[in-house]
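Each of the next two complexes has chain A plus one other chain: chain B in the first, chain C in the second.
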Partner chain A sequence: MRNIIILAFKNLARHKKRTIITSVAISFGIMLLIWIHGMLKWADNESQRNLKRYEFGNFTISTKAYKEDRDSFPVDMVINGSEIQKIFRIAEKTGSYASPRTGFKSMMSYKRGFGLPYIVFAIDPEKDAQVFNIKEKIMDGQYLDKNSEGILISAHCRKELGAGLGDYLVMETRTKYDTFQALTIKVVGIYDCPDPVVNRNHLFITRNMAEKNLQLEGTAAEIAFRTKNGNNEPALSLVKESLSSAGLTGLTTETWQELGSDYLTLSQTKKGGSTMIIFFIFIIVAVGIINTMLMAVFERIREIGMLRALGVRDRDIVSSFIVEAAGIGILGSLIGLILGIGVSAYSVYHGLDFTSSFKDMDYGYRTGTIFYNEWNPEMMAMAVIFGILCSVLVSIIPARKAVKMEITDSIRYI
Partner chain B sequence: MKKCIVSLLTIIFVSFLAQNIFALTPEEILNKVDDNEVFDTIKYSGVMTIKKGSRRRPRVKTFQAVARGKDKAYIEFTNPGDRGTKYLKLGDELWIKGTYAERADKISGHKLRDSMMGSDYSYEDTMDNEKLVDRYKATIAGAEKVSGHDCYELDLEAKVKEITYARLKIWVDKEQFVAMKIQYFALSGMLLKEMTVDKVKKINERYFPIKVRMVNKQRKDSYTLFEMKSIVLDEPVSESMFSKQQLEK
Partner chain C sequence: MAIIKCKNVFKDYKVGHIVVHALKDINVEFKKGEFSAIVGPSGSGKSTLLNIIGCLDKATKGEVILNDIPIKDQDKNVLADIRRDHLGFVFQTFNLIPVLTAFENVNFVLSLKKDSSAEENRKKTLKILEEVGLKGLENRRPLDLSGGQQQRVAIARALVKEPALVLADEPTANLDSHTGSEIMQLMKDLNKKKSITFIFSTHDKMVMEHARRIINLRDGMIKNGKGGK
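Presenting the complex of A and B:
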């Protein structure tokens, strides 16, 4: 076996250029695999974090009727004032933060220009900042305070409407009783959050202001919870128990996983996509190795014939080719691993800016357009093993071809 | 001289009395408007010209409409592009069947508030057939000429909570009792839309506005011209017109 290994490595050294070129193809594939997988992992985890940080919290409480018609943002299927107080007490008991929110559809316009549809959320700024991270994403102006009469808009909205800090927007909407309402509201703050769904669609005013103008009568459409440990449990089970013991049977809970099920379904589909990427990388590796090994076999048919004539077993010749392929695989995979770590390191700390490519495109993830990477040592190890195994597997066919010819024909082969 | 002054004062007093005794109350004016404009049934061919912004060319939508009372209405679009799109309103429900759809979809009640085919009318605006007098408390604010017609100027404040517009200002023709101009206000008092009547037709002893222009006061160069042709009022309409079968036909 030792001789076979020495023979294989001497063959590798004998054809340095070819060995390097094939290894480069493998290393490119492995680098892509490590980098893309790390990026997709980051995008998926970041999306899930953003669903909690900017859209739903850990879970929400709403009326059953609201749950059924959530997409229409009805303001008449709501939690009443006394129920809200009971829910605050439940939140305290479970050690969670709770924020009442009422979202309503609005047409926003600036200087009598086109009206663009947004969802405006009436929030209690203090409580909302305990559950959601919008406050930390203010890029211009200030976050809302309890008595603020202004509106918090997103960077995307600023771009769409062409309005900036201090400008007055007209908000057209309906009150709880379906009456038209139109208000002129000053932009007091602009936020830029990494969740594109929030950035594109959500604006914020205070509950006090909504109370005064939208006949909300102390109600809230939903109450979002953020747990202290970051997980749904055990707070969710405690909240469910408390709701039923407090007689709040008209209310229901929904977790961020249920509320963000559209994204999570999409995420599963995307995972299928990343399997495709791995498959393509396998093709790159396989084509490179097969090509190199076939060339080696055809080049050395007379040598093989000679070895077989001298009594070397076919099994040993096949093994020497397999070891040679494994050598290319090891070299390529290790270079790929180093390159992959390098590219990933850059992406982990600096990110790659896809703003110009994605612009306003809906790319499915709840992330910003700067894509980062997440370290994934398991995947790195898998990629190296995958690179070597691929090389070995695809070399079996050309290696077997090498010993199929008659010895006499091999020796005379031109 | 004394006699002269007494007779003059008597004339002024009598004419003042006559004006106040025989003048119409705001409710009576609204009742007369409702008598003209609220129907049992209606059938017509409609043309809607929608203009949005100075850069866009107006879009024209044509349709056939049938309605009964305030709860039932059926609209079928006939213009190229929307041909085959049908709407059915049954109470608070709105059903829509798209051109290529095989089945009708029920749209949530909240969708009734949305703009109809991108116009300045919401679905509920076009299908509204409720009496003004039932929903608003009116006061006379003055008199003004609108499009050459002498009009009463009325301020209408909502007297029910669930209402689309909290306040209206309407100008009613003193002779025909047609609302020649209506201003629609938001709860905050902001002017949202202004409707003016371009053409009135006498149908079955009532005056009915058949061409109206709705201007969105919150948008530049945005209006919808709504014209009704071949109107038939208060004739029997088959119940089958307001069925899902008709919608999915």
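Presenting the complex of A and C:
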């Protein structure tokens, strides 16, 4: 067998250009696999982080009625002031941060422009900054303070309405008692959040202001929690127990996974997309190897016949082609690994800016338009093994073809 | 003692819907140390007979016995082992492995057998290469050798494992007459020195002159010849 392996490796060097071209095709596939997988992994993890940082925290408490009708942002199915205080104590007990929020639908307009729909959240700026990261994303002006009479808008909203810092927007909405209310509010800060859902839809005012103008009367639609360890548990279980023991049976909890189930379902679908990418890369590798090995078989038919005449068994000839293909696979996979690490390293530290392509597109991920990569050593190892295995598996077809012909026909083959 | 016996051997080929009778009732024996030629015009069946004797092809009917081993119904792996252990081949187009040197081409067949050490194989290879007149050219690849030198490597490769029988299919057809004559003389000398049976096919008169026995094939049947049975 040793001589067969030596022969296989010598055959690799026989057509250097062909070996290199096939290896480059494989390495390109492996590089893509490592890079795309690392980028999708980053996008998925970043989306999940952003769901917690900008939309839901680890979990929220709301009334059961609000939970059922969450999508219409009702302001009359809310948690009352005394319940809020009890929940603050529960949060303290579980070592979590809690932020009361009330979201309501509003039409925002600037000067004589048409009104555009947004969700405005009434927040307690100090508490909200403990649960959410909006404060860190202020790009112009300042974050809200407790007594602020202004509004915090997103970079997207600034662009849509054409309003800037210090401009006055008109907010049209309904109060708790369903009466129309129109307010003129000064833009005090502009944030740029990497979560496109928040960036496109959410604006923020203080709870004090909302209570004064929308008759919220110290209520909150929901209270978002951020746990100290970053995980839902054990805080969530403790909160559930405490709600029950405090007699707050009208309230319920929802985790960020439940609240973000639309994204998580989409994420599962996207994983199917990743499988398709892997499949296409398999096709690249397979076509390259099959083509090279078939060429090798056809040009060596006489040689194969001679080897069989000398007494080399068919399975050894098949093995020699498989070893040869494995050699190409190893070479291609290792080059692909190096290229993959190089491209991933650039993306990990600098990211790739897809702003011009994804600017106004809903691409499904809750990320910004600069895509980074996440290191994924398991995937790198898998990609290399995949490249070699692919090469070996697909080479079996041409290798078996090599010994199918009669020896006498092989020897005479022109 | 007969190295090879062919009894009532027939070989039919199907070409499209037509059955071609390549060999018809061949009865022939070759003894140890013979230097024989199978001659005849193109299509007479000489290569077919050589292939059947060399376990490269199977007879449609009849019996072929090589070194007391009936080869007709053997499995393809057993046939591969028989070729490896008992037979040597010299082809018209040399059929050397282009990526291996002369030394490696010869040594390759020894390494297929597991009964000797690498050092023993190395010594045997160098010795046979010297015997065929290739001393000093061991590290050259086939493309760096002349046609005659390549055929010498092929002869060394056939002989290095000391087979019972060497089969040469038109060994001089791709060589000029002078080189062809040298190759025939070399095979004849090695046959004499090592008592290895040589059977070769040819339609070249010069080659026939070297043979001690001639089997004359016409239309798949043995007609007449010189020497032996």
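In this text, the second predicted complex is superposed on the first by the 414 of 414 C-alpha atoms of A that agree within 3 Å, B and C clash if a C-alpha of one lies under 4 Å from a C-alpha of the other, contacts with A are read in each partner's own complex, and residues count from 1 in each chain.
Going forward, a contact is a pair of C-beta atoms (placed from the backbone, for glycine too) under 8 Å apart; a residue touches a chain by one contact, two chains touch by 3 or more.
Small disclaimer: the values here were computed from a predicted structure and weren't measured.
Once the two complexes are overlaid through chain A, chain B and chain C fit side by side, free of any clash as defined at the top of the document. When the two complexes are overlaid on their common chain A, residue A:T179 makes contact with chain B while staying clear of chain C. Annotation: apex chain A, arms to chain B and chain C, angle 140° (C-alpha centres, rounded to a multiple of 10). In the superposed model, A:M276 makes contact with neither chain B nor chain C.
Judged by the touch definition given at the top, the superposed model places A:S72 against chain B, while chain C stays out of reach. Contacts of A:R2 after superposition: chain C is touched, whereas chain B is not reached.
Once chain A of one complex is fitted onto chain A of the other, the partner contacts of A:R112 are limited to chain B, with no touch recorded for chain C. Contacts of A:E303 after superposition: chain C is touched, whereas chain B is not reached.
For the pair chain B and chain C, the model built by superposing on chain A gives 66 Å as the shortest CA-CA distance. Residues of chain A that lie in the contact sets of both chain B and chain C are absent, per the superposition on chain A. Per the touch definition, chain A reaches chain B in the complex via residues 69, 72, 74, 109, 112-115, 170, 172, 174-175, 177-184, 213, 215. Those residues of chain A lying in contact with chain C across their complex are 2-3, 7, 10-11, 13-14, 302-303, 305-314, 406-408, 411. Chain C contributes residues 47, 51, 54, 56-57, 76-77, 80-85, 87, 89, 91, 93, 95, 97-100, 108-109, 111-112, 157 to its touches with chain A in the complex. Interface of chain B with chain A (complex): residues 52-53, 108, 110-111, 113, 158, 161-166, 184-188, 190, 192, 218-220.
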